[in-house]
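Next up is a structure, given as structure tokens.
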Amino acid sequence: MRWLSQNWETLLQLTASHLALVLPSVVLSFLIAVPIGWAAQRRRWARDPALTLVGILYAIPSLPLFVLIPVMFGLGLRSAANAIIVLTVYGTAIMVRSAADAFASVPEDARLSAAAIGHSSWQRLWMVELPLAIPVMVAGLRVLVVSTISMVTVASVIGIQNLGTLFTDGFQRGIVAEVVAGLVVTVLLALVLDGGCILMARLLTPWTVSQRRVRGASAWT
Amino acid sequence: MIEFSSVFKHYPDGTVAVDDVSFTVASHSTVVLVGSSGSGKTTLLRMVNRMTDPTRGRVLIDGNDVAEMDPVQLRRSIGYVLQAGGLLPHRTVVENIATVPRLRGASRSVATKRAYEVLEIVGLDASLGKRYPAQLSGGQQQRVGVARALAGDPNILLMDEPFGAVDPIVRRSLQRELRALQQELGKTILLVTHDIDEAMTLADEIIIISSGGKLAQRGTPTEVLTRPADAFVAEFVGVGQPERRLRLREENGVELVTDGLGRPIGTLDR
Amino acid sequence: MDLIQQAFAWLIAPTSWIGDSGIARRLSEHLVFTVVVVGVAATIALPVGVVIGHTRRGTTLVSAATGAARAMPTLGLLTLLGLGLGIGLVAPAIALIVLASPSLLAGAYAGVQSVDRQTVDAARAMGMSEPAIIRTVELPLAAPLILGGLRSATLQVVATATLAAYTSNTGLGRYIFAGLKGREYAELIGGSALIVALALLLDGIFALVQRVTLRDPHRLPVTTERHHP
């Protein structure tokens, strides 16, 4: 506790840097993964290449990637761009599968009926498939957010500042409280953002709440 | 008027779904396509709004080949009722019904107003409007499906097993309501069912499709029952079955109608 | 590009491969460490997962464990245990066992749980004992998902074993940390490439094993339903 009272400013600053790496990576991963996931689900030719690529990306350990990406892209080893690219690679790998599952979860009836009453294919995608894919998509987003928050700490060993810096600094100087503070804050941050995802899903999908209510009620009829 | 002219549908794997079918659906009449499952009747229905295109032959609406029309615009001009209503689960009842007017460019308020109008036409309370489909009973969902098809005030209604997902009692009352509705609105209706009794109840003209997608017979319910074209139709309609061989006998001073096995069906109304 | 050439030169130089911190030594350390950690984790987690899947009791434990393992930063656990237990191999081994177990647990649970209840019911109705049901019905049917769990746990351990070099003198991760500290870029990049290659190789082997086991002749082919009537 004493460490905390003396270092809360550092903690806040590192939390901010942490989020500055996590948020762009999550947004980028999501934006890249959703179209790929859609194609993997709806276009037969895209399925195998997309899922194989995603599997390979996911198999690559993160630490060496933090070293190799700057060499390949000519970036600074300790640049934020390096961390964001690496995290986006993993995030995309996680999210593509979820997005494909999400589009697979859209009932065939709804797709058919949307076409039958005159939605163009774009309208069907935006007005029917995407909204109906939200519940499964958010389940994937939650995994993405929590994993990214945890994974970014690895970047601290190559000198990129974030909450992981508390681990490296605490370890080198032998301050247990600092490492514990880092663990607690990282996990708390994950819990908070995860809760945010759940809340967002509730707001975006009012019909699932009503289905829950109906299912609960059906026990009485 | 809808006209099917020598229509074929073959699939790449060699299956023949529709084999040289021609018939017309007169304006303001109800024509029912009936046949066993897999007979290609739904395929025929879906050719009208181009959910499926024929391999050969033409489908014409009021003399215009649908193949030359834009499928999306065509679908917006035709009402389509699917099994279980085919409602979009993420939209409320009113939003579902307002879909077609909205797609056609109506403002939200105009479309909503129209939605409440048709909700009343199909006999549903306005208070259901804000519910989601999952919160409705099967019969209510089906009515909303009909309401959605009517919302764009189309001339043509396509109905694919519209009452297939509800229990027999609800189905009866929905069939009765559809007939009453049709008396009032005079749409051109093409309906698909596998239930010959439903066909008898609803049709001005029945078209019986045999397996393999061939047209076996077309005619009024009376014609189909009294002059079946072949053994398949006779079997399908159940001409020789006890259910169709009705008898009259007197019980307790009342003229009782029974089926061929003597089980009571109703009383005679002279 | 010069850096890549240097890294390649370092990788193929015979002198890089021999000695106490040579590639051969580091690679075998990395592999042995991975096998031991996955082995211990599997011994603990697989039976627990199978029992939970069979009895359907304790399913919240599975989701809680996978969620916690996902949220828990590996580096944090490594450094915390490193401070408590010193810079030997014990601290990283414990950390990695803790983090690898949930994937194995989830795989075993999901595998057994996915077996059709009717099949299990039929086996019970024929008079099979519960252990016999697990052994002869549930485990064979659950094998693909258990193998999937083993695959992700192994890949995870290979990756985190790299990080373990931060608190102990072991494995291929040493090249990264030594390279960073001494600005030995050839070693840094070459070592990184080696780790990536190792992970992809192991992933490929698992993919192959999965493909062979899935080609079990007793398994029915998946048929897709024709959409048109």
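Residue numbering begins at 1 within each chain, and the chains themselves are lettered A, B and C in the order written.
We take it that a residue touches a chain if its C-beta (ideal position, glycine included) is under 8 Å from a C-beta of that chain, and two chains touch if they have at least 3 such contacts.
From a predicted model like this one, the values you see are computed outputs, not experimental measurements.
**Student:** Averaging the CA atoms per chain, pick out the one whose centre lands closest to the mean of every protein CA shown.
**Tutor:** Of all chains shown, the one whose C-alpha centroid lies nearest the global centroid is A.
**Student:** Report the chain whose CA-based centre is farthest from the CA-based centre of chain B.
**Tutor:** Ranked by distance of C-alpha centres from chain B, the top chain is C.
**Student:** Counting in whole Å, what is the centre-to-centre distance of chain A and chain B, each centre being its mean C-alpha position?
**Tutor:** Each chain's C-alpha centroid was found; their separation is 47 Å.
**Student:** Express in whole angstrom the distance between the two chain centres, defined as the mean CA positions of chain B and chain C.
**Tutor:** 57
**Student:** Suppose each chain is reduced to the average of its Cα coordinates; what separation in Å results between chain A and chain C?
**Tutor:** Computed from C-alpha means, the inter-chain centre distance equals 21 Å.
**Student:** Can you list the chain C residues in contact with two or more other chains?
**Tutor:** If we look for residues of chain C contacting two or more partner chains, we find none.
**Student:** Please output the residues of chain C touching chain A within their complex, sorted ascending.
**Tutor:** 3-4, 67, 70-80, 82-84, 155, 158-160, 162-163, 166-167, 173, 176-177, 179-180, 188-189, 191-193, 195-196, 199-200, 202-203, 207
**Student:** Considering only the defined contacts, which chain A positions touch chain C in the complex?
**Tutor:** Per the stated touch rule, the residues are 55-56, 58-65, 67-68, 71, 143, 146-147, 149-151, 153-154, 156-159, 163-164, 167-168, 170-171, 174, 176, 179-180, 182-183, 186-187, 190-191, 194.
**Student:** Can you check the complex and tell me which residues of chain B touch chain A?
**Tutor:** 49, 51, 72-77, 80, 82, 84, 86-91, 99-100, 103, 131-132, 134-135, 148-149
**Student:** Which part of chain A faces chain B closely enough to touch in the complex?
**Tutor:** That would be residues 107, 109-110, 112-120, 123, 128, 131-132, 205-207, 210-211, 213-214 of chain A.
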